[in-house]
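Consider the two complexes below, in which chain A is the common component and chain B and chain C are the respective partners.
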Partner chain A sequence: MIVDQNKINEAVSTVVGYGGEHILNCVQCGACSAVCPGVKAGFPLLCRHLIRSLLNGNLEEIIEDSSSWGCQACNRCTEVCPQGVRPQEVVFAFRRYQANQLAFSTSSVTSQMNLFETGHAVYTDPREARKKVGLPEETPTSAFDEQAKKEIQTLINNSPMGALGLF
Partner chain B sequence: MEKIGLYLGCNIPLKNPDIEQSFRKIFPVLGIEPVDLLGASCCPAWGTAPSFDLNTWCAISSRNITIAEEQGVDIMTGCNSCFGVLSEAKHFLEDSGRRKAVNASLATINRTFHGTSDIYHVAHVLHRKIGTQKITENLKYSLEGLKIAVQTGCHALWPTDVYKVNEENPFFPTMLRELCEATGATVPHYSRLAGCCGMGGMRSTDQEKSLGLFKEKIVSIKEETDADLIVTTCSSCFLQFDMSQPILKQRGLIDFEPIPTFYFTQLLALAMGFDPNQVASISQIDRSAVIATIQSEDRLIKEVA
Partner chain C sequence: MAKVGVYVCHCGSNIAGVIDVATVRDFAETLPDVVIARKDLFMCSDSGQEMVKQDVRDGLVDRVVVAACTPRTHEPIFRAAIEKAGLNKYLFEMANIRDQGSWVHGHDHEGATEKAKKIVASAVGKARFLEPLEDKFVPVTNAALVIGAGIGGISAALELANMGHKTYLVEKRPSIGGVMAQLDKTFPTNDCSACILTPKMVEAYNHPNIETLTYSEVDDASGYIGNFTIKIRQKQTYVDWSRCTGCGDCATKCPAKTADEFNAGLSDRRAAYIMFPQAVPKKAVVDINHCINCADRDIGTLPKINKKTGRPILAPCERSCQAEAINRSIAHNPDGAIRKIEVGSIVIATGYQVMDKDWFKEMAPACPNVITALQLERIISATGPTEGKLLRPSDKEKPRTITFVSCMGSRDEHFHTYCSRFCCMYMIKQARLIKEKYPDMVINMHFIDVRAAGKEYDEYYVGARKMGINLFKGKVGGLEMLTEDKLRVLAYDMESATSIEYESDLVVLATAVELPPDATALAQKLGLQFCGSNFFRELHPKLGPVETATEGLFLAGCCQGPKDIPDTVAQAKGAAAAAAVPLAQGRVRIDPIISEVHSEKCSGCGICIPLCPYHAITMQTYADRPRAQIEMSSCKGCGVCTSACPSGAIVLHGYEESQIFAQIEALTA
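== the complex of A and B ==
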């Protein structure tokens, strides 16, 4: 394997920029992978192995891998890491790199649209179910609150998410 | 009565409002008044803003927190993901540079994050603020003889350095077990107690991997405890246990009947005598038999004269 320092620098600075600040603390002990439900379920590029790939200078090469989206965000890895890497932040930083390059599954677009339009990532019309259990048909949440929806849309429109052209 | 901001999230008010109704029924009886956080949105879920941009995540989370701050109340969430997302955002906002940037975003909607409201999970309020003794004192039916397998779920456990309330050992959680035991039920240990159920990002990314993880968990529960019911304090785990057992059964991957699953406050509301049509009526798995067992005449606790 040819190791290219420029590629390593690019991968590290990209991950650090997206929030994986402590990636260079990693000593590849694998404690994170030992407790990771995603690794256990069979996703190939999470925790130790993802960090290893990035520290070898692979970034674009692995952009299509969906493992990071299988991360449960459970933070078992953060709890056990003896080096303070906070591996979940590295996984999410890589996921943010993918997302900002629009390298994510189309199924994920629905949640972004739901969040933008209703303030809820998961949205189904709740009125009938709520009436049946004796609650007011409309939730006290953003779903039925025009001002709240406008606030959410302002925050998203003025963010890097708004610049992706999804909404 | 102590007030607390009831943060609903998405799945509970939209898909399982019977869980929301169970909160609204039990807490006032136990001395806590839930107040609505009007206009609160998604936390935002892990697959949305947290997957795109850290500061946008923090802005949407902190907008939710400011709604509680304005009313001078702490936040109580029933959804583990919401608990994790809001707690972590609050943790990130301890960084003064980030707080400044996020408050600049919030200024565009006339809000300011101060960091004065703490984030609690429903289980924390029940266990730490109300306490198991008060729960036992308010039961109408005793659940003695029923066997419960508990599922705490991930986001109430790790990472302990961002949460307001923690288990003594997050890899061996005891709070939910003690809450269930307060109803009189028996709660045996099983080896995959702290294991992930496979819901969340994993399920939407690769359903087969998610079901594989779930199968290991449910088989551990069945073989090691033979529980009458499963009780969780995570709305995502609830959905996985309720919808994926029938899938495994239909595919012939498990050879036992799906085990009825409840959110803890649904179980407690039933044990306190509330109407099952209001507090435990939405599920894939038929729960009518175990509900009838819970609310049967011979379980009535006699009033002490």
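== the complex of A and C ==
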């Protein structure tokens, strides 16, 4: 690795621009990674390590890494961070950068399609299971409400997500 | 018959964790003349001391043995306790079963217990023969000496002077101010070093109670707390300071050049020079070692006469001096002058030096763009060789990339194992000052760890990150010289486990803080000891941080160990307070554990006189014949004379023959 200040500046300003405003506060203590379920699940570039890579000027180099999509948005990192970095915001900012470069992880495409089609990012068809235990098969949510679905799709199509051309 | 009380201490688990205290107590009870043996968790606690005092008050015991820790720290405590209870405090003996027992025999509980018994038996044996002794007092010279006039010495001197004590402030360089005068700004507030230091320099120099002796060194020291005699060598300046106005004309005319120490060797100064523009006193000095004796005329010889004009051909320095302060015809004594002063206490604040870059062969020391942090300090200082402009030494161009390397010679088995303590902070300060002035400058800092312990220090360090300064965990392994005086930095980022290589225009080494070599000679003259890190040793690392093993000598600042300005000033003021104690009391106590000659037994052979390391023994007439006599204020109680006296005429109080033989008997029983 060479230390290229232009690349460092680009990585930092990109992340800051997408909402990871406090990335420069990081002192690499590692508390965020210690509590991160994504790190426990084996995603290599989450929290501290993602921040370090960005501060070393790596942006394009790590664009295809799927770790950021492993973030469960639990926000424990934000709670434990002693320097107010808000690591989850950095992870999300990096995701936004990835999304804008159309560098999606396959894992993320499914959930986005789910959101578009059912209004739920995480969705499995509940009807069979509900029938088994004697509940009404359909839930009173957007999944079975054509009007609600339409509204959600209109919202998505008119948001930056729509501009990605996934749907 | 003596009534000996024995008190065995658990010292929490320090002693009891190894030694069977109950067994030792039971054994003590069987010893001759022992009337009481007790034990306690902490003998030095209030309740422990009270136990001893009560037994004394009840008339149960008239000799006290405490089997516990070291007499160095605790003997005074127990002596004071029995004195309060009405017993002569010298009727006390300490058995050190911790340092010489449990601590060194932790692996052998049984053996340690047996040894503790012997130590106690020996102490009891001696205690049976103890005699009451009386403290002696001698008057004190109400004056203090402060050696070294950096910020530590200046702070200590001002404190002593403000308490009303005459204070001599001695500095080996031509001006006071020390390293702090060389600094640009100071962390964590970034206030200008000169702006806060120079008023203190002026205040000290003009203080009615302070006599400042610059360009002066301690030549010889003798005496003891309260009454030191110090010979100060005022080095030869070759300039009449009573006339010198500090105009600096001599320095501009002098043709002889040498490296300027004040600019850390980055520029030249003349042989005739004023140390720096804000020097106090602002006086010129002719550095005779670098004087080239203009026109082949040695100093101290008369000038040649110009045959045409008939006027003397003067050297540039003396010709330029309007104040007629330089006269090279005078046969100045090259050794300077000796000034003898009498003081009651001494504060040593001789400071530190930083290691030279040449020690670090892997760091391309031959490249002019590898500099020490003190050199960078001079480069960014407005009074420095570039008047504060950040220009690198090789081509006087502004660097685009600067690299900071921590721990050069510190935390390193090859050089110094200790942390130099303030490098992390001054590197961050330098990086911040540069980044503030030049936001586009690329600054890469490489640390083993960032140590920012201090008020507002960590905030200052995190602030550097927020400013966009690049910090990497991992020490630089080496530098390679490239063309155009650039350097390839071989580093590593431990946080991403990636090796780093890049080109840098300027590399700053935070070299280790250490004692300057001339500190050794001073230590020998004053009787100072060194610690494992090769700084002056304090009396106790926690509870005696300003005192030394020699009473009346106190330490302040980096000569005792690396520390930053706030810590140095705090220690200096502490040292001044401690140094003022004997002066304020007006008299000092002389331990009665000293030798005395029984004149009627003395044969006057004089064997003892040359043996005494403290020159305390003289021949005096007694009953018309010469007899040895010991000056009590000089005697340190070493016992050399006592053991050498062929007539057995000299007794060392507190270590009398009967007492020592009783100890031997107990140990060999």
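As a working rule, the second predicted complex is superposed on the first by the 157 of 167 C-alpha atoms of A that agree within 3 Å, B and C clash if a C-alpha of one lies under 4 Å from a C-alpha of the other, contacts with A are read in each partner's own complex, and residues count from 1 in each chain.
The rule we apply is simple: contacts are C-beta pairs under 8 Å (C-beta built on N, C-alpha and C of every residue); 3 or more make two chains touch, one makes a residue touch a chain.
This one's a predicted model, so the numbers in the text were calculated from it and none came from an experiment.
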item	value
Room on chain A for both chain B and chain C (clash or fit)	fit
Which of chain B and chain C A:His49 touches, first, second, both or neither	second
Which superposed partner A:Gln147 touches (first chain B, second chain C, both, neither)	first
Dominant toucher of chain A (residue count), chain B or chain C	B
Chain B versus chain C as contact partner of A:Lys40, first or second or both or neither	first
Computed vertex angle (chain A) for partners chain B and chain C, CA, steps of 10°	100
Chain B versus chain C as contact partner of A:Gln5, first or second or both or neither	second
Three-chain overlay, closest Cα atoms of chain B and chain C, distance in Å	20
Set of chain A residues, in rising order, touched by both chain B and chain C	none
Touching residues (chain side chain A, partner chain C) in the complex	1-5, 8-9, 12, 24-28, 48-49, 52-53, 55-56, 83
Residue numbers on chain C that touch chain A, as the complex places them	401, 442, 444, 450, 462, 465-466, 468, 470, 473, 493, 495-496, 498-502
Touching residues (chain side chain A, partner chain B) in the complex	18-19, 37-38, 40-43, 66, 69-76, 78-79, 86, 92, 95-96, 99-100, 104-105, 107-108, 111-112, 115, 119-124, 126, 129-130, 132-135, 139-143, 145, 147-148, 151-152, 154-156, 158-161, 164
Residues on chain B engaged by chain A in the complex (per definition of touch)	8, 10-11, 13-15, 17-18, 20-21, 24, 36-42, 44-56, 59-60, 63, 81, 84, 105-106, 108-109, 111, 154-155, 157-160, 170, 195-196, 198, 200-202, 204-206, 209-210, 212-213, 277-279, 281-282
